[in-house]
Amino acid sequence: MTEKEIFEILKEKFGDSIIEFVEAQAGENYIKVSPLEIDKVCAFLFTDDRLQFDSLINLSGVDDANGEKKVNEDGSFDFIGGTLSVVYHIESLKHLHKLTLAVSVEKDKPDVVSVTDIWAHANWHEREAFDLLGINFLNHPDLRRILMPYDWEGGFPLRKDYKDPEFYRGMKVPY
Amino acid sequence: MIYEFLSNITGSEILGAIISAFLPLFLFILPFALIAVLLERKVSAHMQDRLGPMRVGYHGILQTVADILKLIQKEDITADANDKTLFNLAPILVFAGSYAVFAAIPFSSSYLGSNINLGLFFIIGISGIVVAGILMAGWASNNKYTLLGAMRSAAQLISYEIPTIMIVVTILMVTGTLNLKEITELQSGYFWNWLIFGGNVTGIAKYLLIPFMIVGFVIIYISTLAEVNRTPFDIPEAESELVSGYHTEYSGMKFAMFFLAEYANMFAVSAIVVLLFFGGYHSPFGYLGNTFGITWLIPIEQLLWFTFKGVGFVLVQMWLRWTLPRLRVDQLMAVCWKYLIPIAFVNLLIVGLITLL
Amino acid sequence: MVLKTEEMTLNMGPQHPSTHGVLRLELQLDGEFIVNVIPHIGYLHRCFEKHAEFMTYPQVVPYTDRMDYLASMYNEFGYAVAVEKLLGIEVPERVEFIRVIMGELQRIASHLVALGTYGADIGAVTPFLFCFRDREKILSLFEMASGARLLYNYIWVGGVSRDLPPDFLRLAKEFVDYFRPKIKELNDLLSFNKIFIERTANIGILPLDVAVNYGITGPMLRASGMKWDLRKDDPYSVYNKFDFDIPVGDGRMGTVGDSWDRYYVRIIEMEESLKIVEQALNQIPEGDVLSAIPKRIKPPVGQVYGRVENPRGELGYFIVSDGTVNPKRIKVRPPSFVNLAVIGELCKGHMIADVISVLGSIDIVLGEIDR
């Protein structure tokens, strides 16, 4: 099935939760979904007979950096507002079709429902998105940091306006 | 013979006895342990398509001397939370247990440390001290890993004593004596008189005994391999799981004692197998001394034959170590209790029946 | 009276002879049996993804080498495939053949390390040295082509950095003839050894549905019974020109999906890679390898996900571009990261010695997990 057909089926079933189908000139096309309904959409994609997306290939967070850029005195900058995205690549090993979904949340309240119940693969990827970008996954069984130390207080390193903290447990951080 | 010689020189029997018991230790076993370390490195290297130590001395001969010098001058680390008495006592027990065995082993017809009537019994009893030493080492190191290693080792050593003893009893039934000197004398003559080929028994019983003797030899070789903690039974010192097991926390001279004790132990069990099955120090075909009429050459030749056979079995042990992977703890126990002990027991019964003939 | 027992927590700490890198495994034990295994990672995190946002697209290539340092050619290959998909450029055929030859030789080298260290963990030290002796020959081939033994910086976006030296094809053919009997030697020494089979068969059984749900790929998935290989099912480069087979685990020594199957699938994969290398060496065309390398890489706005079949599984690069010379976001989907998550399920009910066996059969590289 092509991506357009899948988009039609989803739009019919879920209506408003499916926001739009973005066709890109370069790279891949993707479907934008609402962040609090993503688990229902994914459960449908997993169980439906025509679709049967039984494998999650990749789940990654992206900092869109589209807020208002405020430059401080010392040359560093902050992004006020803006959005974070989570991109899901899923695939069906039976029907051999692929799909890309994208979810967009505000930086002040980055809540996305977790899909760990559907694909156990998402567990560690969501922990990494939480650790490095600060996206909060609701209903995740074990949401804590994975690559940074467990008691890192300095923020979320992969955001565009991240600055290193001065000290970590008494050690000076900037090299 | 040497015992009388020494007691004549020193004029007192006790001094003569002490010196004659110590002599093999310093003249033979300690140098052998040092050479065995180097031998293992070179043998394993050539089996693995590489060269081994090459720089110290000609082709690396002096490597062990360098190693011992290094170990002597290392700092003796004792962690704070260790139990000091047990920690210091453990290597001594292991070392003593391994080396005391040699007092009862005849190296040649004129040299025997002490002619005990219960030679075999003494050997098996003394090697029990090693178990106590290992348990002490594991506990006193205050480390979860070493404790696991020590417990596994103790279980392994105690279980594998049983097939060993059963085979010893089998030999006892055929020869009728526990005295090691007499067992060796029974096997004098050509190699056809060796116990693995039926021994001194006459008649049809000799041919009937041969397959059961071979089975007995295989069983005792395997179970003594487990006694000395060599691969495939080296779970207690499994490097990749327990980071060197019960001797992880030792450094310097104490570590050297564990190390040398292991190689001496290897030679001890090879010596026992040779004595029981392969004719001890007798040569398979005549002596040069006899053909030339020089009688004092014979004990020296016997010593050489004994060393040759013992080192041959040590080389087979090294060969097995570098070829086979390691058994897991429960599989190790299964091999002992489910396979070796029933086979040894049946062997015992059948040999007993045959000797009645 | 019921005796109270406690569960013991044992740390196979970051420094350990056989955890293949700095990985901390927290084992919760009931005597000698495992109740749970929790991996703790992050000790080798070198912030590759953050670095990539400040560099231009060609400058990222040496950094991709250092993620999975045992299969560097494939990391570069994956990155090149992803960026070329975004740019929409075609590379010359000679470049594709060179990439395939390097990739498959790299697959053999990586599997030799995996198998050798697996044998060494189980206790058989000799096959480890035999595997490394053969791997040295492959590394000297790579040194001839790219100048480095382990981290190459050879496969660039749009081509390769320099052409093959004149003697390369002849020496590579000699290597193929030399290596074929060595696989048989390795089989005789280790694969069918009774003690090795006792240690690895029926240990760490991974059922197929669990594997697909956890996103497992590579030899682990094939050992559980599924014939899924990106070189055939989602072909990239010129793999559709070669004739090779995909080995699948069949549980002949125990059950389907145990550690022995994972080990044996890798051995058969080495044989198949030799076939591919031989065919590629015979069919390689002449041409120019530097012609398609763009002077300045400035892809249009968009995102792409490109994937290749690493020796350990599916390596994917998710690249988001915002129209400038620096990538906006590069996310790497490492196969070992995904494969390691399932270790808790695999080790339940086994003993401590089996954790080592299972970990060795998963074949992880910490550089890739932590990036």
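Brief remarks on what is shown
For clarity, chains are labelled A, B and C in written order, and residue numbers in each chain start from 1.
Keep this in mind: a contact is a pair of C-beta atoms (placed from the backbone, for glycine too) under 8 Å apart; a residue touches a chain by one contact, two chains touch by 3 or more.
Please read these numbers as outputs of a predicted model, since none were measured by experiment.
Among the remaining chains, not one touches chain B and also chain C. Most remote chain with respect to chain B, judged by CA-atom centres, is A. Of all chain pairs, the one linked by the most C-beta contacts is A-C.
Once the centre of each chain is set as its mean CA position, chain B and chain C turn out to be 45 Å apart. Spacing of chain A relative to chain C, judged by their CA centroids, is 26 angstrom. Chain A and chain B have centres, each the mean of its CA atoms, that are 65 Å apart. Residues of chain C that touch chain A in their complex: 41-42, 45, 47, 49-50, 53, 85-88, 210, 212-215, 226, 228, 233, 299-305, 307, 314, 316, 318, 320-321, 328-329, 331, 333, 337-338, 341, 370-371. Touching chain C in their complex are the following residues of chain B: 44, 47-50, 144, 148, 231-232, 234-235, 238-241, 243, 322-331. Listed in rising order, the residues of chain A touching chain C in the complex are 24-28, 30, 54-58, 60, 62-63, 65, 87, 89, 93, 96, 100, 119-121, 123-124, 132, 145-149, 157-158, 160.
On the chain C side of its complex with chain B, the touching residues are 8, 10, 16-18, 32, 119-126, 129-130, 133, 189-190, 193, 195-196, 198-199, 351-354, 356.
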